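So that you can tell them apart, the chains are marked A, B, C and D in the order they are listed, and the count of residues begins at 1 in each.
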Amino acid sequence: MTCLEDYPPEVRAEVGQVRQSVCDLHAELPRWGLVVWTAGNVSQRLHSADLFVIKPSGVRYDELTPESMVVCDLDGNLVDGTRSPSSDTAAHAYVYRHMPKVYGVVHTHSTYATAWAARGEEIPCVLTMMGDEFGGPVPVGPFAIIGDDSIGRGIVETLRASRSPAVLMCNHGPFTVGKDATAAVKAAVMVEEVARTVHMAMQLGDPLPIPQDRIDALYDRYTNVYGQH
Amino acid sequence: MTCLEDYPPEVRAEVGQVRQSVCDLHAELPRWGLVVWTAGNVSQRLHSADLFVIKPSGVRYDELTPESMVVCDLDGNLVDGTRSPSSDTAAHAYVYRHMPKVYGVVHTHSTYATAWAARGEEIPCVLTMMGDEFGGPVPVGPFAIIGDDSIGRGIVETLRASRSPAVLMCNHGPFTVGKDATAAVKAAVMVEEVARTVHMAMQLGDPLPIPQDRIDALYDRYTNVYGQH
Amino acid sequence: MTCLEDYPPEVRAEVGQVRQSVCDLHAELPRWGLVVWTAGNVSQRLHSADLFVIKPSGVRYDELTPESMVVCDLDGNLVDGTRSPSSDTAAHAYVYRHMPKVYGVVHTHSTYATAWAARGEEIPCVLTMMGDEFGGPVPVGPFAIIGDDSIGRGIVETLRASRSPAVLMCNHGPFTVGKDATAAVKAAVMVEEVARTVHMAMQLGDPLPIPQDRIDALYDRYTNVYGQH
Amino acid sequence: MTCLEDYPPEVRAEVGQVRQSVCDLHAELPRWGLVVWTAGNVSQRLHSADLFVIKPSGVRYDELTPESMVVCDLDGNLVDGTRSPSSDTAAHAYVYRHMPKVYGVVHTHSTYATAWAARGEEIPCVLTMMGDEFGGPVPVGPFAIIGDDSIGRGIVETLRASRSPAVLMCNHGPFTVGKDATAAVKAAVMVEEVARTVHMAMQLGDPLPIPQDRIDALYDRYTNVYGQH
């Protein structure tokens, strides 16, 4: 087994930074109401080595420390850490192996996104903020359970066929990706927000559709112009 | 009447620890939105004697202290404490007398679980996290009111016929059990979360069923593998 | 005009205590999600004189101090305070004049209770905690607007015909009463909780009715036995 | 390009005060649950010059400081600040150019208001607090996306035809206005509250209408009498 001491100093330095960042980002999950108890996890891939940092399994959010974060290789094997990695580690690892631009992955069971997932129903793109963030509907991935690569494969195949950084895994909940863990957490926050808002809209009637060319214009502007440069 | 001074020092020491723990765990109930005002209670049974520690009646959460927690025997008689025990004490005591592996009991009126209870309708197992935590649907217990053993008997009979650590008592609310008070509080948090998520799923259509063998696989893995060992 | 300096010292002392208590209790309204911005008010009647203490008009919750609380006589005339009393003062005063056992009144626009009020629909007694706290359904009062005694009269006539300490004023929101302001705040918290829970229950079907003799038994026990004595 | 140093001292002094005030008011948006992540913005126009202060683009709420607030002229050009102005700046500027009594503008994607906007459905005036605050229904503006003046024009044309300080822009979300940023934030809080309450009322039946003369009486009293004078 490889261990972290075998890696060069710049990798160990990046591990330290990413442990801090991933630990801090876990606090965003309860803050935005995305998780209860221990049910959600954030990971970030390193740039200096084929490793990623993820939450330990079954530990509560207010007990997490940077040191308790676990380091794994891209096959999901434990490289450093005194605790077992999250039980969703294999799915995170599969995503990193097959989506080379993804450096952050988040999984939650946030209420409204999971409700859409329980019906196996994609969230239609009826809000301008969905055009901005998701570039279309939020897609549904297959039913799959822990034990082999079927969750990871379902995430990757669904995301590759979509502009969305979020997928609703059937009967399970959302997985989101991004260029780092912060972007994946933002996508997890936004997918719950649009899941909730479109849910409310549909309870009392039919939302108005947004024409595809308007969705394209929103997505293009947001992706290329928005934010600080 | 027996009093705590008649018990050996190790019992009195365990009472002190459990009072602290049960007091702390009451703070989880408002934290996760499970209770308003004084409407919920946590208890934990001792290992060193046939006693349990429970919330005093009608006291608000932010006024609770370890010292204000009440000690009762397994018939629900007051053994130590300056206040009356919770009005649900008889139900907790009945559970401890009849379920020897249970060392923690929680009762709340959490909104969504109580809404299912008001219809007398079990929560179907349509989420992978329900397979994990409950091993199937969350069952409904009979209508019963305070005054005899009918609440406790309804809880025990319903839980014995199910894998679930939670029962929805008809028109009343959830009771949950566990190997200690922490596990019972976790079950109370999770039953509200699944009650809410499945409620939302059913508002806009029909959730997809999960095949029984997949539920069994989820429950088996979660019970035997999950968390830190 | 009478002023507070004309009252004996024991009245001025009670005013000081009640100002503190009423100020503190206003913090419970946002805490339990019953109000936004300035939309809700608490008052308490004195025992030593025909006066009550109420929130000033249009002041935000985190700017309230004991000193900013306003003292009025039972006709709603200002007796002490540098600010205008709440625009609901006439309704509070009417209740105190006509319900001699009431020493606390609360008014909010809490979401679910106000939603029932918008339909002019009473909340059916389908939860054991409603039997405990309300002794039956939560009744609806008439449509009335500020300008004369019609709000106060509507509250009093509706509450006199009911066991409930809460009334849903049509298209407006809940008013609650109690033996002091704390009891009225508790009733305001509980009416929102049962409004929300029964709303959720009814969204997916029909709640099971509770037989009247069981409601009577719950109400009798709760009124006469519950809490610390 | 004009810069802030070219303005007289009283303008620079007002900029400093308004930066502080607009920064503080952004904290109200997450406090009242109106926004997630960076999705919302507040601006206030100056009285001493044709300038306004607005949130920088894509910055998170807890990273905002008075210094990070951006100053623009009424055409939306950057006058002072190290960051890009909010991507909604053109819409705020259009409102200030065409509604001379408006000195505060707020935009959010608050859940319930946005759900009504997704259906393109006005919120009917069925609550006395809606009569008070909005003087009638909350109107819907046209579908428009960023890129020209169509959002600003849609806001202004809709608000001019209504008493309401809030407009629901189709598929997008609410914009609110006021005599300063505080008043616009209050309107943003209130529009979400009435959107939520009327949503809940309509889920289980039909709200009772309020006669127009009663709405007029409520609006007149609230506009002319309410609050501290």
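By our rule, a residue touches a chain if its C-beta (ideal position, glycine included) is under 8 Å from a C-beta of that chain, and two chains touch if they have at least 3 such contacts.
Chain labels with UniProt names: A, B, C, D = L-ribulose-5-phosphate 4-epimerase.
Worth saying up front: this structure is predicted, and the values here are computed from it rather than measured.
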C-alpha-based rotation, subunit B on subunit C, 0 to 180 degrees, nearest 5: 90
Same or different contact residues where subunit D meets its copy subunit A, judged by the half mark: different
Centre distance in Å when subunit A and subunit B are each reduced to the mean of their C-alpha atoms: 32
Length of the line joining the C-alpha centres of subunit B and subunit D, rounded to whole Å: 45
Contacts with two or more other chains, residues of subunit C listed in rising order: 203
Which pairs of chains touch, using the document's own definition: A-B, A-D, B-C, C-D
Residues of subunit D that touch subunit C when the two form their complex: 32, 126-129, 186, 189-190, 192-193, 196-198, 200-201, 203-208, 210, 214, 217-218, 221, 225-229
Complex contacts: residues of subunit B adjacent to subunit C: 36-37, 39, 56-59, 83-84, 87, 109, 111-112, 114-116, 118-121, 143, 145-147, 170-173, 199, 202-203
